[in-house]
Structure formats: C-alpha cells, structure tokens
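Each structure below appears as structure tokens.
You will see two complexes here that share subunit A, one where it goes with subunit B and one where it goes with subunit C.
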Partner chain A sequence: MPEPHKPPTPPQRAAGGVGTSPVRPDATAKVNGAFEYASDLRADRMLWGHTVRSPHPRARILGVDTAAAEAIPGVAAVLTHADVPAAKHYGLIESDQPVLAADGTHYQGEPVALVAAEDLETARLAAESVKVDYEVLEPRCDPRRAVELGEVFRHQPVRIGDPDLTEPAVVVTREYVVGMQDQAPLGPESGLAVPSPDGGVELRVATQWLHSDLDQIAPCLGLEPDMVRITMAGIGGAFGAREDLSVQIHMAMLALKTGRPVKMMYDRAESFLGHVHRHPARMRYEHGADAEGRLLYVKAEIVLDGGAYASTTDAVVANAASLAVGPYEVEHVAVDVWGAITDNPPCGAMRGFGGVQTCFAYESQMDALADELGISPVEIRRRNAVSQGSKLITGQLIDAPAPLADMLGRFTAMPVPAIAAERDAADLPGGFGNTTRGEGVVRGVGYGVGLKNICYSEGFDDYSTARVRLELVDGEPVAFVHTAAAEVGQGHQTLQAQIARTELGVERVELLPADTSVGSAGSSSASRQSYMTGGAVKAACEAVRELWTERDLADGPIEAVREFRHRETKPMDPVTGQGDSHVQMALCVHRATVDVDVELGLVKVVELTAVQDVGTILNPVALEGQIHGGSAQGLGLAVMEELVMDEGRVRNASFTDYLIPTILDMPPMRLDILENADPAAPYGLRGAGEPPTLSATPAIVAAIRDATGLPLTRVPVRPEHLVGTP
Partner chain B sequence: MNTQLKDPNDVSVGRTKEMFHRPTDIEEAVSCLAAHPGAVPIAGGTDVMVGVNYRRLRPAAMIDLTGVVELREWSDEGDAIRIGAGVPYARIIDDLGGVLPGLAAASRTVGSPQIRNRGTLGGNLATASPAGDAHPPLLAAGAKVEIASTAGRRTVPAADFYTGPKRSVLAESELIAAVIVPKAAGPQQFLKVGNRGAMVISVCSFALSLDVEGRAVGAGIGSAGPTPLRATEAESIELPWDKSGPLGDETVERFGALVAEAARPIDDVRGTAAYRRHALAVCARRALLRAWKELLCDWN
Partner chain C sequence: MRLELTLLVDGEAVTAVLDRPGESLLRTLRERLGRTGAKNACEQGECGSCTVLLDGEAVVSCLVATAQCEGREVRTVAGAVPGEVREAFAACGAVQCGFCTPGLLVSVADLLGRNPDPADAEIREALAGNLCRCTGYEKIIEAVHRAATARTAENTHTGAPGTRPLPPSPSPEKDPTLPHGCDSVMTEGRT
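Moving on to the complex of A and B:
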C-alpha cells in the first residue's frame, strides 16, 4: 500500500522555495535564443497589420482616402475610425483615447488608420498609400500655459500647517526640470490576434495587465468579455510602457474583419511613438529649515506634462503630491501638483511613477540646504529622516519599519573606492572614445534617498487571484499554479513556484500560462506582484494545504482559488491632500561616485552603492537584478536618457539617439539589503522594483555637483551643461 | 494557435532573382551595377538594411559584395596599406593596429562587436555620413579612395571624396574598390566624443597623424560639419620637430583653436554647435599633447 501524501506542517524552508534563487523557467530559452517573444509569434494564413500614424502633433482630419491602399495587391483590409465596431474610445482610468482618430489628432504618431496585408512590406506600403487630408494646426506644447488655462487632468494640493508662520534660519529656492524619459523596452510592441469560430478573438500579447486590457478591448470590439481571450506572450521588458494598450484593439479589429490571424509588430521608431513616456516635470521648490538643518516647511509647485490623453496621469499626480517632500518629517507643507493637457506625446506609467521627478527635486533641495548650513549631505538627511511612527505629508502614519537613519549610517562601513593607479578607457569618462586618459578628470560623491509607495493607492480595489491545484503525477504530488500575473522579466513566475514549494512542500510546480481564463491578477506595476499575486498564490496554497489535511491526495486532485487584497486605502482629500492613500512605503538610499571630465562634460559613474530595506528577501538573485536594473534606469535619467521634443515632435525616436546605459556605463554595484519585515505583507516582504529608480538619479547628479560645483537643476545632465557652452 | 519560431524571410525585400545579384569579382560587380540602374551594393548591410527597414531605401535590386574576394582582402603596398572596401572593422582592428593605429583606434569605436564584424570601411565611405568614424583618420593620414566602374578605376584623395551630408563623388555606376592608407610615419591619435561609453554615434571626433620625417601634421574632424573635414590651418602649425623638447602651451592652445575654427558644426539632437567647437578644441589639444609625449619617449 502506497504511503499517503501528507501536507507539510508547518511549511518548511523547501528546496527551491521562498528565500532561494532557483533557475528561472525561461532562463535556458532566453540564453540559447529559443525564447518566443511576442515579436516571434506566427500563425498559418497570417496577415501583417500596420498602423497609419499622424505625422502632426495637432491637426484636423478633413478626410481619409483608403482607395489607393486597398488597390494594392495583397492588401486584405484598410480600416478607419468608422470601422471601430463599438466603443470608439479606451483608456486605463478614463476612456478618452480614440481607437483611431476621427476628426483630429493630438500628438505625433496618433493612430489614424489600419491596414492588413499578406506580408509586412506590403502592409507598410499600403499604410503609406492611405491618404489622410490634414489641416495642420499649431500644437499646444507648453504645460505651464495649459495649467494657467486650467487645462489639466488633475490638480492635487497638499496642505498641512502654514509655511508662512515658520521662522526659518535658511531658505533654499530652486527650479528643477526633468526631461521626458522613455521605458525603452527592448522588445517592441507586438502580438497576434486569431479570430475564433464563435465570432470572438484570441489575443496573444506582451502586456502588463491582461484583465485591464480585456476591460478596454471588449467594449471597443462590441464583444462580450468572454469572447475575447487574452494570453500573455513572451515579453521583452515593460517598465510601465505596456500598461496602456498598443496593438491590442487594432490587431483584433483586423482579425475580425478579415477572418484571418493578424500579427502586428512595431519597429523601433514606431515603438517610441506608440507608448506613453515618463512625465516631464517642471518643479519649483522652496525649503525652509532651522539653523540645525531641521525642515520647517516645504513649498512646491509641480507641473507634470500629461500630453494629449489621460492614461495614468491622475495617479501619477497623486504620487508626485503625496511623495513631494520625500522621506522627511516636516510640519508645514504647501504642495500643488498639476497634470497638464498638451499636444505632446501622452505620458503615463514608468517605473517610479511620479516618485522619480519629485525625488530629483527634493533630494537636490536637501543637498542645497546642507550646503547653505555647512553640514554633510548624510547629516541633513539623518536629522530629518522619517522612521516608523512618522507621518507622511498626507497625514498617513508610517506603521511599518522605515529605518532611514540606520540606512544612511551604513555607508560609513562601505568607504568610497580609491582612484585606481591604472585605469582602462572603460573606467574613464568617454569610455572607448579615448577622450581622456585622466586629463581633466575630477571626482565627486553624492547621496540620494527615495521613498516609494507600493501597490495601488487611493481606494483602488486592488486584488489578485490565484488558482492552485495539487495532484499526483506518476505518484508524485505536483502543484499547478494558475494566475494572470504578467511576467515582465522581473521573475514573478519563479516566485510563484517558490511559494508553492514552500507552502505545499512539493518539488514539482507547473505554471499554467497567464491568461484571462483565471481571475485578474492586477497589474505588474507599482512593485506590487510579489505582494499581491505572491499573496494570492500563498493564500490558495494555504487553502489547498488545509483541504489536504482532511484527505489523501490519492483520492483526487485538490484545488483552491483565492483572491488576495491588501488593506484598504483612501483617496487624497482634493483640497488638503490628506488621507491614508498608500498601502506600503519603501526606501532606498544610493551613494554615487563619479569621475567627470570637466573639460568635455562627460561623466563616468564609478560607484553606485545601494542600501534598500525589502522586508524579507524572497529570491536573492531576482531581487539584486531589480535593484541593479532600477539603478541603471536612474543612471540613464541622470546622464543620458531623454526624448528630445521640438514643438510636439520627438526628435530622437531611435536607439541611435535615445541613449540608454550599456553594461559599460554601469559600475559594478555593492548592495546592502536590509530585512525589516512588514507584518502586514505576505512573508513580511516590501516591494522592491521601483525604489532604486528614484534615488539613483539624485545621487549621481549630487556627485556631479560635488565634482564640478555647478548647480545642475535639470536632468538628464548633458555635456554642454557641464562645460558652460550653449 | 499555431505558432513557430521567427522566420527571417518575413521582412525580406527582394524575392526574385532579378533583384538579387552576387558577383564574384569587381569587374562583374561593376557590370552588374551598370546593367541595373537603381541597384544598391551591399556588404555588411549595417547602413543599407537600416535604411530598408525604415523604408528610407527601397532598392530596385541589391548587389551582394560578400562574394568578391578582392574586396575582402588587404595588402601591404610598401608605403601604404591597400584595404579592400569590404574589409570589416574587426579585421582592421586585429590586423592593422600596428601600421594604421589611427584608423584602428577609430574602428574600435564603431558600434558594437556585431557591427564591427559586419560593417566595412567601404560602407562607411559610401554612406559618407559626416559622423562616420573612419573618415577623420583617413583625412589625417592622407588616404586615397580607389573607385571602380566599367570605365576602369580612378583614385580620389579622401579630402576630395566627400561633397555634402551623405554625399560623395561616387557616381551611381561606381563602386568603391579599396582605400589606400599611408602607413603611420609617427604617432596617431583618435578621440571620439559621445555621451555613452561605447556604441554611440559621435557628437564630434578628431584624428591626428604626425609624420616625423616629413615634419607634417594631419588633422581630421568628424561630426562637426556637412562633411568630414580636414583642419588645414591647424595642419600648418609649426612644431618643434628639432627635438627641442615639450610643446609650448601657446602652441597647444593655438592648435586647439585652429581645429575648432575649421569645424562647421550645427545644433542637432546629439549636441550643440558651440559644444562641438569647444570639445574639438579640447580633443585636438589632448591629441597633440599625447602624440608629442609619445614622440619624446621615442626620441629619448
């Protein structure tokens, strides 16, 4: 008689379980090139879809003539606004974005028409042959002007105390600018739509939130939600760029119209125009402090450019407002954040989500205060640091560990690296350009601290769903885990398997493809999936374990579905900004050491050390990857990454001219990871993907200031800013 | 859903034999070019295919040069190296670093390893972008471009080759056969300014070539004018060739200023005209100081 399979009690530290770094399920295929990205999808009888886009930031559409395009052999369909089956608009928060432009366009690259053809080249030719009669209008590109005119997606004030009643010993006032950063995922927007025999459509697409896509796609197609089935496709990075829809409705329309599978894949230039960007920001900050450097008040006016459509600007504004002073205690605050409506490209989600822009400003302000008072950058931060029991400027109590002063202190044990006697070109500013062998090079050191909210805020019903089935396969218990959580490269699939191993004591875990046949997992955004889908998988496993105690697994599979919710949050008060709007707060501290070629204005970051409190380490390798990656994107914003705009037009929609850091630009990182558990979170974890993106940028710019003595109030810092030429 | 791995033919431009030619020698290649107006020669494809993929280029036909052996070889001609137009940067780096240090240094800054494996010197000239990395060292060294057509061969000094942004003296019926680069007769330097440690288009670049016996200076400028430029005024600067010691600050300053003056930069997304002039002066000064230091080491 076989041994009955019994549940583990209590859950053990299992091999490949929580706290370990098992090999990712997609690792081998990604290394040997066999991984199927969304851009690799194919189907029999497949057509290629292509998008006709407006070249003008603002124009009236007087007519669209599709006859020439339709006449091209191999063209199967040409669709315009009139062909959108049902709802004509979609959007993440507000349905304000046309599926295809009707009367006018409001940003460069706005989709106007669609074509499907037998091959990509024919589809491109046909797209060029669609004649759109535009009346070109002057675009409205100045976000401050938009605010003056009241053209905003949201205005969020925060008011506590009265800054004007304080008596500061020192006041620093500066204006800061953050350029438009792009997520620059290496995989372009791609997907495949296949019409189903029942009149519905199956979509395979690389996205961040399958169910949010579904909620936006189905109404536009005029289909019941169960007629639209979405499966996650292999993704090549996201970083927020895939929260908004791109190819989804378009390829579904073409597939339903032609009755054939349709693939769409943007090229690089189209990708830059086809997704939202990080909001550029103009920020005026005034900090008042006493003679010891303790903050008395902060005033801030922050204008974020939301561009032409709402996307997630509403939530980005809320983050910028609630996080406007960073992780510092201050009793008198007057903050205003506006999300402006312009004819610039729509801006929305990007890693850091409203926290990045303000972090550059408030950290620069802390350095300016320290400078005025003659105290060190670490000391000014230590004197104002929040801790458990502090309140955010929204009045929300920080009720979990937030040991900022301790984190700042840990750098003394990690000294700044010495200047090497022999330096390779790779170690110097300008790199292999051979511009310096030490000539003109000056070193500087700087610090940055970031505070980021984890999970969705402001009363959003944020939940995730997991279905876990345990059954015997060849006499061995195997856990089947099914969620709709988007694996965006962060390693969430690996984590789901780790949790199942820990909770169920099994070795084998099979992950079912993420799709819409299971409940929503919410978005792979806001550093929330470990918390939310991790929490859901844990809860479902616990339920299975409970059922397992009552019977033998040999009698049949045991299955449980669980929804997991984090604690309730509240909207910010529209006048005072007060309210417990956030779930969890996360801190990261960076120190950067830079070598600046002060004659050429080139920067080499030679050290980037991070101290981050993650509550509990669930997967050391994946976690380190997140901190490295977030820091790299922060480095990019500090010294190179910007979509350059000219009257609503993107001037550098290519990887030739939109530069992102390579491995050569990133120094090897030293990480000091703290584990002060959050008792409210699964396993005590704290979301970790975003915080490093905030603090890396101000740390690097502070280091460049230290080297050059320049004020540097704009990122990215460009070479001409450092050498003083126009 | 029936899916499979990627098929590179998805985005191919030519499908018929009339559109694709693969000659095996230069004579066949130029005949082919003459017979097919609008045909585009392709070697590494690192420029041509980007143009095709972005629909800036729709060649009527392509002439694949990778089968032409003469184009894939370099030879020692005594005072000079003759580099076949189809020699990739990786070979220049590996094989010619000793005799052509300036060109090899510039080749090291081209793109990524993959690009350096495929991209060719002939392609850089045929594209004639002012930002092409090979141009400044060719100008500084006084290289010549050998051009073939059905009418025979002609040779054009690099300084006369470029006529405008992405324009050259190359006629549609002509093919670049080789580049003849005098062997280094003294220290050579190449400095390229870009806002990333590698894999970056130059904001500006500068090449210096010193001919010790001939007491001559060569100075080439990249990415700071409608074409790659020679800094002829700077080239005529007086240097203490009589081994009298280090360069005076005034000489170095003047050299930098003359190089900056020779530039004709514009403001674009990669940098401003003012920055480019400034950076060129810095690069020219550093190049001269480094080269002179090398000379002093040789002399002592």
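Moving on to the complex of A and C:
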C-alpha cells in the first residue's frame, strides 16, 4: 500500500512555483516552429474568406452588385449587410458598429461585403470584383470640431477645489499632441470557422477575451450562445488590437452560409485598417505651482479622437480623466476629457489605455515647471509625489504602497552612461547609415513617471473563473487547470502552472485549452490577468486543497471551480469625476539618455532604465520581458510610431512606412524592480504590463529636450521637429 | 499555367505544383507544403518573420519567387537552427508571443555560423531585419550570447573548429531538452 498523497501546507516554495521562472509551456513548440498560430490553421474542404472594405472614409452606399464576383469560378459565397442573420451591429461596450455597412461608411476600411472562395487569391480577386456604388462625402476628421458640435462618445470632467482661487508663483501652459499609435502585433488577424452538424459554429480565433467575443458574435448570427463554441488559437501578440472583433462574425457567416470551414487572415495592410488604434490626443494643460515647485492647480482640456465607432472610447476617456495629472498631489483641478466622434479609424484599446497620452502631457508639464523654477526634474517630481495615503484627483485613497519618492531616488545609484571615447557608428544617431562621427551630436537625459490603473474600473465586474482538478495519473498527483484566459505571449499560462504548483505542491500541471466551455476569465488587458485569473486559479487550488484534507486522492479526482472578483469600484461622477473608480494603481519611472544629431534630426536612445514597483515578483524572467517590451512600445511612440492620417485616410499602412523599434533602435535596458506588496491582491502582486509603456515616452522626449533645448510638444518626435524644417 | 518543381526543404525532397508563376517561397512553404514554421507577419520583406536559409543564405522567403528555387535547398526553423540556439531562446525568456521567433532563430543560426562569438553590436546588426513586438530585444541578445557560449563549449568538448557546419535538422516534433535557463528554472517541461 503506497503512502497516500497529502495536501501541502501552504505556502510552498515549490520547484517551478510562484517566484521562479519556469520555461514557458509553449516554448518548445515555439522554438521548433511547430506552435500553431491562428494564421496556421487549416481544415479539410476549407474556403478562404476575404473582406471588401470601403476605400472612402465617408460615403453613402447607393448599391452593391455582387454578380461579377459570384460569377468567378471558385467563389462560394458573396455576402452583404442583407445577409447578416440577426443583429446587424456589435461592439465591446455599445453595439454601434455594423457587421457590414448598410447605407454608408464612416471610416476608411469599413467592411462592406464578404467573399468566400476556394483559395485566397480567388477570394481577393472576387473581393475586387464586388461593385459598390459610393456617393463619396467629405469626411469629418477634426476631433476638436466634433467636440464643439457635441459629437462625443463621452465627456468626463474632474473638478476639485477651485484653481482660480490659488496664487501660483509660476504657471506653465502648453498644448500637446499625441499621434495615432498602432499595436502592430506581428501575428495577423486570423481564425477558422467550422460549421457544426447542429447548426451552430465552432470558431478558433486569436482574441483577448473569448466570452466577450461570444457575447457579440452570437446575437449577430442569431444563434444561442451555446451554439457558438470558441477556442483560443495561437496568438501572435495583441497589445489591445484583439479586444475588438475582427474576423469573428464574418468568417462565421461565411461558414454557416457555405456549410464549409472558412479561414480568414488579414495581410499587414488590411490589419492596419482592420483593428482599432490608440486614440490620438490634443491636450491643453495649465499647471500652477508655488515658488518651491509644489503644484497648486492643474487645468486640462483633453480631446481624444474616438473615430467612427464607440469601441472602448468610454473607458479610455475615464482613464485619461482620472489619471490626468499623474502620480502627483494637487488640491485644485479642472479637467475635461472628450472622446470625439469623427470619420477617422475607430480607436480603442492599446497597452496603456488612456494613460499614455496624458502621461506624455503631465510629465512634460512637470519638466516645464522645473525649468521655470530652476530645479531638477527629479526634485520637482519628488516634491509632488503621491505616496500611500494620498488621494487621486477622483478622491480615491491610494491605500497600497506607492513609493514614488523612493523610486525616483533609486537612480542616484545608477549613473548615466558615460560617453565613450571612441564611438562605433552603430552607437550614434543614424547608426550604420554612417551619418556622423560625432559632430553635431548632443546628449540629454530625461525622466518620466507613469501611473496606471490595473484591472477594469468604474463598477465593471471583470471577474475571472478557474476550474482546477487534481487527480492521480500513474500514481502521481497532477493538477489540471482550465481557464478561458488569453495567453497573448505575456506568459500567463506559465503563471497558472506556477500557482498550481505552489498551492497544491504538485510537480506536474496540465493546462487545458482556453475555450468557452469554462466561465469567463475576462480580458487579457488592463494588466489584469495575473491579478484576476491568477487570483481565480489560486482560489480554485485553495478549494481543492481544502477538499483534499478531507479525503484520499486515491478515491477519485478532486475538482473545484472558483470565480474571483476584485473589490467593487464605482463610476466616476459625471459632473465632478469623483468616485473610487479603480482597483489598483501601479507606478513606473524611466530615465532615458539620448544622443541627438541636431543637423539631421536623428535620435539614438542610448539608455532606458526603469524602476517599477510590482508588489511581488511572481516570475522574474516574464516580468522583465513585460517591462522591456512595454518600454520598447513607449520608445516607439516617442520617436517613430505614428499612423499618418490625411483626411481620414491612413497613409502608411505597412511595416515599410509604419516603423516599430528594431533591435538597433533599442538601447540596453536596466531594470530596478521593487516589491512593496499590495495586501489586497493575490500574493501581493501589482499588474505590470502597462506602466512602462506610459513612462518611457515622456522620459525619452524629456531627454531630447534636454539635449536640444527645443520645446517638443508632440509625439512621435520626427526629424523635422528637431531641425526646424516643416 | 502550371509549374512543377522540386525543392529540398529541411533535408527532404519535396515537389511543389504552382498555378501562379509569381508565388512566393513563403506562400509555397506555408500553403502548399504545410510547412508553417516560416511566419507571415508582413509579406513585404520588412519583418523577417519568414526568414529561411536558401542554399545556406538567409533570405526573407516572402520576397523570393518559388519559381526560382528549382533544385535549391531551403532550411526553415525546423532544419536550420542548432539545438543550443533553440534552448537558449526558450530558457532566456526570448520568446513571448513567439511569432517572430522562427525567423529570428534562422537569423541567429546564420550569424553564429559566420561569427561564433558575436559582440552585442554584431548581434544587433545581424538581427536588425527581424522585428519583435513583445520583448524589446533585451532577452534576445542574452539568448544569443547563451547560445554562443553553449556552442563554443560543445565545440571545445568535441574538438571541432570554432565554426562548424549546421547540425542535421532535428525533427520539429521532438522536444529539445531544455536546460536550466539564464535565470530560468526548469520544471521538466511538462506543463
């Protein structure tokens, strides 16, 4: 008789448990090229779907003639608005986006018709043969004009005190512009829809939130939710781009119509048109401070361009408003944020979600104040820094550690890199272009601080579900973990297994595929999955452990399902913006050092150092990867990434013209990670993926200002902004 | 038109039948031959996700016409990359979403074939054509150094010269034994 397996006494310092860095479970398949991404999916008798998109930002549709497309050999179906089976609109927060445009289009690339054909080339050819009769209208592309006309998705004010009653010694007023950034995940939007014998449909798709997809897809197909079964397909990055639907309803419609499996896959140009972007912003800020640099008031008017459809603009506006002054104490605030409705591309989720735009502005303002007062950028931030016990401008108490002053102080122990006596071309602006040997090159240093909310806000119940089953396999206890959480590359699956090892003391953990047969895990966004699905897996493991104390595992498997909820939050007051709207706050501080070739307007970031408080480190390697990657996207916004718009048209929908940082653009990144636990969070963790994306951008631009003396109120900073040519 | 040609893909002679003369090698590999190791992030030659070795030379397969490949040797991630390089990427956290990984691994194999112990600057130059959106590249540089060290150690052990021909292609189905990572802890790779 073997010794019965006993439940562990927590906490376990398990091999491969919480706090360690096990190799990710999908690493082997990924390094062998065997991992199946959504774009790799295939099925027997598979058709290829393709989308007919409007070339016009704003047009009336007078008619759609599908006859020529249908006549092409190999074309199996051509569908229009009339073929949408049930609900004609969908959306993440508001169902305002047509599945296929009916009477008109409101942004360039809006889907108008669908084609399914035997191969991709035929599908593309057929899509070109669909004749849409447009009456082209002038697009409304100015978000400030839209605000004047009251055409907004949301207006959120924040009011505390009365800025006009203060007596500032110094006032700085500036206008800032943030261009339209794209998530640019490398994996294209893709998926496979397979009709099922019962009249339903099976979808495999790369998405950030399976259940939200289901809630939007089923009503449009006119199917009960249990007739639409969705399984996560391999995801090639997300960063917000996969929150809104892309191929899902379209490929399901084609599959149901043809009775055959249908694959859809965007190419890069279509991808740029086929997902939402980060909201471009125009922001007027006024900061007043006393002679010591202590903030007396902040006024801000922030216009975010929401584009043609609502997507998540409502929530982005709330973030921009509640985080509008950053991690600084100030008693008098008048902030207004608008999410404008225009005929530009819809904007929605991207890493940082409403926190990025304002962070560039408020950090630039802090530097401007420091400049006026002749104090250092670090000192002005330290004098105003929030800490535990401070209040956000929403009135919400920061009730967990927020050691910003300490974080700022950490840089003294990490000196700025010295300028090498002999510099390789690769180390200079222009790189291997060999555009300088150092002449015309000036150096600057800058700081940026970002404050980001973790989890969903304003009363949203973004609970997460986990099912954990413990059973003996070949005499060994094995934990089976099932959630619907999207592994978008961040390493969440690794963490689920770590938690199971720690809580159950097992070595072996099997992760079941994420699908809709288990409850919702919420979205892989808002830096929330460690907190929420991590919390759910922990809770389910604890329940299993409890049951295990009462009986022998040899008598059969033990299973528990748990839903995990974060603390309740409240909506922001529509007039004052007051309310405990957030779950958790996270801080990151960056210092950047740059070399700028002032003759050619070229920038080389030579150092990007981050200090971030993560509460508790759950997986050191994955965490570092999040901070590195988030910092890189912040660098991209600072000096290169922008979708250039011209009267509603995207001018650079390719990787040739939309530049994301290469390995040559990234400097070595030093990290200093602090662990001041949040007692309210599982393991004391603090969400970590987004904060570095906020603070990297203003740090780099501050460094360029320091080098050049230029005001630089717009990102990305382009060469022409540095050399003064229009 | 119909074009039939034979390629040597990852050590195996395969026949591709094309009905479009301009079809890219990437499309042929993925859609006709079912070899999806080469990835399709841009199909414009910008991202490097589809990098393969064509007669030993690193190319972006989206910009190569299959019609030009009759009788030529193509090595994808499945056939071009030494085990040490794969192991290092897995162990160092150089893989997140992994979509860039196959192309990067081929570029790293190409680099280490030419330069067994590259400096940071040489790594950056060699990998400048491979976009990664997840990692910020820091762990990738770490992984290349780790792979270089592991290969050098093995060469010393076997008495092979500093540069050596690429090893025979391991089967993609076969798990490489992942060693203890840069900072990583191995847990039998079973989860």
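Assume the second predicted complex is superposed on the first by the 726 of 726 C-alpha atoms of A that agree within 3 Å, B and C clash if a C-alpha of one lies under 4 Å from a C-alpha of the other, contacts with A are read in each partner's own complex, and residues count from 1 in each chain.
Quick note on the criterion: a residue touches a chain if its C-beta (ideal position, glycine included) is under 8 Å from a C-beta of that chain, and two chains touch if they have at least 3 such contacts.
Values in this document were obtained by computation on a predicted structure and should not be read as measured data.
Which of subunit B and subunit C touches more residues of subunit A is settled by the count: it is C.
In the superposition on chain A, contact is made by A:622 with subunit C only, not with subunit B. When the two structures are aligned on the shared chain, A:370 is found in touch with neither subunit B nor subunit C. Touch criterion met: A:121 reaches subunit B and subunit C at once. With both structures placed on the common chain, the touch criterion links A:544 to neither subunit B nor subunit C. In the superposition on chain A, A:662 makes contact with both subunit B and subunit C. By the touch criterion defined above, A:34 lies against subunit B and subunit C together after alignment on the C-alpha atoms of chain A. In the superposed model, A:43 makes contact with subunit B only, not with subunit C. Once the two complexes are laid over each other on the shared chain, residue contacts for A:611 go to neither subunit B nor subunit C. Look at A:296: by the touch rule set out above, it reaches neither subunit B nor subunit C.
Shared contact residues on subunit A (touching subunit B in one structure, subunit C in the other): 34, 36, 39-40, 42, 120-121, 267, 426, 432, 656, 661-662, 664.
Subunit A contributes residues 34, 36, 39-44, 119-121, 124, 128, 192, 194, 202, 204, 261, 267, 269, 426, 430-437, 439-440, 599-602, 604, 639-640, 644, 651-652, 656-657, 659, 661-662, 664-665, 718-720, 723, 725-726 to its touches with subunit B in the complex.
For subunit A in complex with subunit C, the residues that touch the partner chain are 15-16, 20-28, 30-37, 39-40, 42, 120-121, 184-188, 235-239, 265, 267-268, 424, 426-427, 432, 488-491, 493-494, 497, 501, 507-511, 620-622, 624-625, 628-633, 654-656, 660-664, 666, 668-669. If you check the complex, the residues on subunit B that touch subunit A are 1-7, 10-11, 13, 53-55, 105, 108-109, 189-203, 205, 269-272, 274-275, 277-279, 282-283, 286, 289-290. Listed in rising order, the residues of subunit C touching subunit A in the complex are 20, 30-31, 34, 36-44, 46-47, 49, 76-78, 81, 86-87, 89-93, 95-102, 105, 120-121, 123-125, 127-141, 170, 172-173, 175-176, 178, 181-191.
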